[in-house]
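Okay, so subunit A shows up in both of these, paired with subunit B first and subunit C after.
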Partner chain A sequence: MASVHAIPSLDEQYEFTAEAKRRLIIGGVVGVALVAIGSFLLASGVGEHAHEAVQGHGLSEGHEGAHGHYTWMTRFWANVWVNSVYFTGIAVAGMFFLSYNYLAQAGWSSVIKRIPEAMPAFLPVMGIIMLATFLIAGHDLFHWTHAELYVKGGEGYDPIIAGKKGFLNTPFFLGRMIFYFVSWYFLWRILRNYSLQEDLNGGTEYYYKSMKFGVVFLVIFAVTSSTAAWDLIMSIDTHWFSTMFGWYTLASWHVAGLATMTLVVVMLKEQGYLQAVNQSHLHDLGKFIFAFSIFWTYVWFAQFMLIYYANLPEETIYYRERFSGYGGIYLAPFFVNLFLNFVFPFLVLMTRDAKRTTVLLKVACWGVLVGHYFDFYTNIMPGTVGEHGGFGPIEFGMILIFACAFIWSVSTQLTKANLIAKNHPLLEEALHHDI
Partner chain B sequence: MHITSAVRTPLVSGGKTYADVTEDVCRQVEGKPTREWTIAFTISALVLVYGSACVFYTWWEGLGVWGLNKTVGWAWDITNFVWWVGIGHAGTLISAILLLFRQKWRTSVNRAAEAMTIFAVVCAAMFIFMHMGRPWMAYWALPLPNTFGSLWVNFKSPLVWDVFAISTYFTVSLVFWYMGLVPDLATIRDRARSKVSRYIYGALSLGWNGSAKTWARYEYMSLILAGISTPLVLSVHTIVSMDFATSVIPGWHTTIFPPYFVAGAIFSGFAMVQNLMLIIRVVFKLEDYITTEHIESMNKIITLTGSIVGVAYITEFFIAWYSGSEFESYAFINRASGPYWWAYWAMMTCNVISPQLFWSKTIRTSVVWTFVLSVVVNIGMWFERFVIIVTSLHRDYLPSSWAMFHPTLFDISDYIFSFGLFFTLFLLFAKFLPVVNMAEVKAIIKSSSEKLPQSVSGVAKGERVTNPTFNKNVD
Partner chain C sequence: MATPVNSKFLVGIFDDDDVVLKAVREVRESGVRIHEVYTPFPIHGLDVALGHPRSRLGIAAFMFGLTGCITALLLMSYTEKFDWPMVVGGKDSFSFPIYIPITFELTVLFTALGMVATFIISNNMGPTVKPLMFDLRTTDNKFAMAIDLEKNSLQETAIESILKQSGAAEVNVKQF
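Up next, the complex of A and B:
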């Protein structure tokens, strides 16, 4: 296997071609068109009659969403929210990966480090969209934002939600959201800056500094990943609570981020870039996806099973809504979620050869990526749109818009630096990586 | 060709040759027991004898000798069980998970850590047998054909899942540990001078001949067992946590329990590994193999897992308030400010605050600090289980059932018994088996030595050089 040890050139400049840009623009335009068509159809009531027929079977009395004033706009904003949560997670997972690889002094990953490094650049876009969505459509998405819930003796008074006021109130919520995006993004800027400096100047100084700030990020993220999950997702179903929810969301974000990274690595390799990345690196990435899709399943199952087993009404309602509520429209996404995020990658990536085969890696990554969209879909949609949910042009269009924007952002970042962090002190280990 | 970057801290110091590794590790096995070992073993054996008498009395007289009452039906027994099982987790983490992560520093601590795992699981199992009251009926926990009347295990009970999880875990850990021992046992066999030890170590080494084929199988088997052990070790403490979390008792029923218990288990296990390794490295003069880098790495894992546990505590506390469930909120406020406040704050101080001291490089590279904080962590982890179990139970839904738990002499002595058992077994292991995996340490000598000798395959500096062993029929 002499070829494994022949070290190719490390100077690789990614070119974001006009063709790629054109495709992304077309994708974005198609997305906008689909959203427009979908919105038009929803606004003119197409498909609503089907929902009315099943409404009687729904658990609407158990559900707390503010459906009194549902309009098609709610579904529009709910879609923005699902995609924002999803792509925020993928973007920040890049930073998470970078940081823990620094902390663990991982050598093998130094050769692909520029890929996770390119992902968090999308965070400001997500931050602005999420803040705007919350300010414009907060009342549609978050039941707890309604003032009448807190008026003691009032008709809409809800003692449980009123008890959460210390945490769930608009100023504090906005403050937290701003803190998440600002802290995640600026710590990434620091790491990115060191990384680019290292390319120019070499030495180990930037390595040790990156390690330090990576740890700062991990400490902040240890808390904010959980609180962000409570804020951005769990508070939609305002009454419901689960201590696992923070780590469950983190697991979901993390594995979706890993799948994105792997997909980018494989695609770059297929375009002739990343010559220094060999099968052993792909194997390691495959192992990560394999392991963390099982980890996701572990936390998913632990949360589900304990709630199912104890069968306390205030907890089980969450799964009841997804099993049989709203005419059962969430049952299919619920199981698709489990299938794509556990069964599928588990079987596809089981063997050593599969993790070293780019086609199978791509299949598994797409499975996981689609799967985790379903994960956030099943977590967000029932509490926001309830029986009005579904899969129509608006869903597909919104995914297209966000995905094209994200790919654009990552591609732009990739052009800004050499594709391989050539002065990383552990790079030599990665170049000779052979397992 | 594997490259080791210059920024990595060396893992072996003293310019060791392969032969030095063999000499340094085998010295304890082949030599006469040292004075320190004899003293330690005598104390452990005496404690074991005393503890065994107390356990026997517990069985003879019945569980009434414990301080349990109608409200607090589980206390020290289950606390000790969970504590010991948790300690066991570090061994598997080091041997399996760190193997999958290709951490070279695991090579000099894995053997002792795995032995610790096995003995810790044995100690944990003892509390199950004690708690059964009639240990000769222990096989009733197995789903045997129904010839004993209308008894059949309840598969809906996490206690039964425990039986399967822990017995599987114990078996796999034992196999993993023993398979790792085989090449080293063969080394000792080949060096043995007396017929008895040559026979015993020869039998134990299963005909290992060191051929390329046996090594290939060894590595293949290690990876497979690591792959099996990793989900197993997670499953064990997950299921232990479900003994509590599947119930509807406030303070027990919370969904974060499974991963949080696993993190806590690794946390306490590493503290125990630190305590054992710090003693071994001094008494057996293995400072060149168990270096400051090893201690520091383990301290980092202690800080990481301790912080994960800290996040879980805060999450539980927060969600208890957030849930709006008065029972949940009360359970947690009562923990922190009720009659067991001292246990709660002992837990918080020992588990959450004390490992944060390891952020200081001076502290995490200090042997004394490490030793003391590791003891503190294990005290904290014992209190954690006590807090979870007893404070959640002692306030029943009916205030007329409220009670406190008071340990009796037998609660305490049965716990002391487990220490006697653990240290007796561990000292026997440390004397008669190689405490460091020689073969695996040799595998990293070239890549991770502080300085290499002129020839790594050169002769050892030890006494055996003047008195070679290849002439085995000398006596």
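Up next, the complex of A and C:
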């Protein structure tokens, strides 16, 4: 089929319709209502009696979260944190994708470049929400923020956590968090500006400049993706640590970002946009999701396997909590996570035809997106809310609010530029992409 | 491709990859069956133009992988659980997670070796097999289109003129 495609027009302006806006607002309002209902139910103690029955079986000795101080607010903030981590990851994965495609001088992806480019605009929102959450509810979510842990000879003195004080202390933590969001966001702004100017002026100058800043981002992200994973997720289970955790979170963020990108491309195509995207581009995106789902599984398993084999109590407690701790409420999310992120995309996307069929591609993308929500859910919830966790209106509502806000942000960004980067120097290659 | 014995071939030699791709379409349209096209480098879309059915290599690879996977699991569970039960690191003698790395390795190993074997067999490259060489220059800068005369009803001269018309620089006869 080489060189027989008719090349369609490259001028496409995305329209963020009033109908779409209305739906997103309704979604957001429903989300707020669900969160309100869920909070009310939790505050008035409905459903709490169910937990009392199982508390005897809970592994309370390994639990180091905000045990005695649990209120329904903890679950609220834990939900905010899960969603913030998840959507921060998806947003920054857009920048990650752009950068390594510049570094690899990839041609095929230039035709869909505007989609990952639209995603990191959500980072400032996430940064502000996460900083606010940390300042308001840091003591509920992060055990290490309690001052009494560090008082030598005091009642609450914890030598292990006190030994980590050089890294885990509030000023340094806040500084790191601000650095992540500022560096990610501003490097994205630079690439975005070059990309928009390239649309107007053309030439290869912007391409080479973008490549340079893409490399700068990759170097920074190589370090900050790991440290962000330690800070935002791993430090919740303060005693426990895993050297695989940075990679593991990066893999999770990356594949969730790829699934989002693919979903947006397919949906835009179904609405009649992105005429220049052909089956070969979809095939490549499908391969990306397939490959990085397996990569995620590889890292997940590498972490699990070493802990399983070595059987050291201070390490196995992490999986013990998820397998049988807290009355076993995290067992289902644990296996849903493994199924949706490995078995499901592996089987659905294995054949060539599946990667070229939009229906199967969409099914796999949704599977991966739901799966990686549960990935962060199983990582964050046991250490924060423990036996009070669950899946109710507050969880659904919070996902809805964040998802609607994210879609709003991406749609707004898409309207700000032509849907295809029409002066990208490698665009010609992408238009004839044929595999 | 099975080795043809006592076959007479007409070999069109082309100078350019675009020309040979166009020629393949034209020759097939005029009702001539092409045995195979030999090129110094892969040409995009040539397999489609030749009308080759979808490659079954993927299925073969999957089968080899499955064989390796099952072999590894059977071997480990038999030796560790039934033949000589052993406790390693306080684990049950049948503990699935510790089998995964070896299962993965054998899956990859069987697939790799199986695909090398498939490659050698399907390309007639066994140690005793003499490969069909239609024109030595196809390893350098020429493109050869081989047409099996016994599988075509058209006359030799007619096919020759079709080849010439579609851009062949020369047309040779090759007998094996």
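In this section, the second predicted complex is superposed on the first by the 431 of 435 C-alpha atoms of A that agree within 3 Å, B and C clash if a C-alpha of one lies under 4 Å from a C-alpha of the other, contacts with A are read in each partner's own complex, and residues count from 1 in each chain.
Keep in mind that, in the parts below, a residue touches a chain if its C-beta (ideal position, glycine included) is under 8 Å from a C-beta of that chain, and two chains touch if they have at least 3 such contacts.
Computed from a prediction, not measured in an experiment: that's the story for all the values here.
Q: Return first, second, both or neither, reflecting whether A:351 touches subunit B, subunit C, both chains, or no partner chain.
A: second
Q: Where does A:425 make contact in the superposed view: on subunit B (first), on subunit C (second), on both, or on neither?
A: A:425 contacts subunit B only, not subunit C.
Q: In the superposed model, which partner reaches more residues of subunit A, subunit B or subunit C?
A: The partner making contact with more of subunit A's residues is B.
Q: For A:309 in the superposed arrangement: first (subunit B), second (subunit C), both or neither?
A: A:309 contacts both subunit B and subunit C.
Q: Would you check which partner chain A:160 touches, where first means subunit B only, second means subunit C only, and both and neither mean what they say?
A: Only subunit B; A:160 stays clear of subunit C.
Q: Could you look at A:105 and tell me whether it touches subunit B, subunit C, both or neither (first, second, both, neither)?
A: Touch status of A:105: first partner only.
Q: Which partner does A:434 reach: the first (subunit B), the second (subunit C), both, or neither?
A: In the superposition, A:434 contacts both subunit B and subunit C.
Q: Can A:270 be said to touch subunit B (first), subunit C (second), both, or neither?
A: Once the two structures are laid over each other on A, A:270 reaches no partner at all.
Q: What residues on subunit A does subunit C touch that subunit B touches too?
A: 305, 309-310, 434
Q: Could you pull out which subunit A residues touch subunit C in their complex?
A: Interface residues on subunit A, with respect to subunit C: 1-3, 301, 304-305, 308-311, 351-352, 434.
Q: Spell out the part of subunit A that touches subunit B in their complex, as residue ranges.
A: Contact set of subunit A toward subunit B: 5, 104-105, 107, 159-161, 163-164, 167, 204, 207, 219, 222-223, 226, 230, 239, 241-247, 287, 294, 298-299, 302-303, 305-307, 309-310, 312, 314, 425-426, 428-429, 431-432, 434-435.
Q: Taking the touch rule as given, give the residues of subunit B at its contact with subunit A in the complex, in rising order.
A: It is residues 1-8, 100-102, 231, 234, 238, 242, 245-248, 253-259, 307-308, 311-312, 314-316, 319, 322-325 of subunit B that touch subunit A.
Q: Spell out the residues on subunit C that touch subunit A in their complex, using ranges where they run on.
A: Contact set of subunit C toward subunit A: 21, 44-45, 48, 58, 89-90, 97-98, 100-101.
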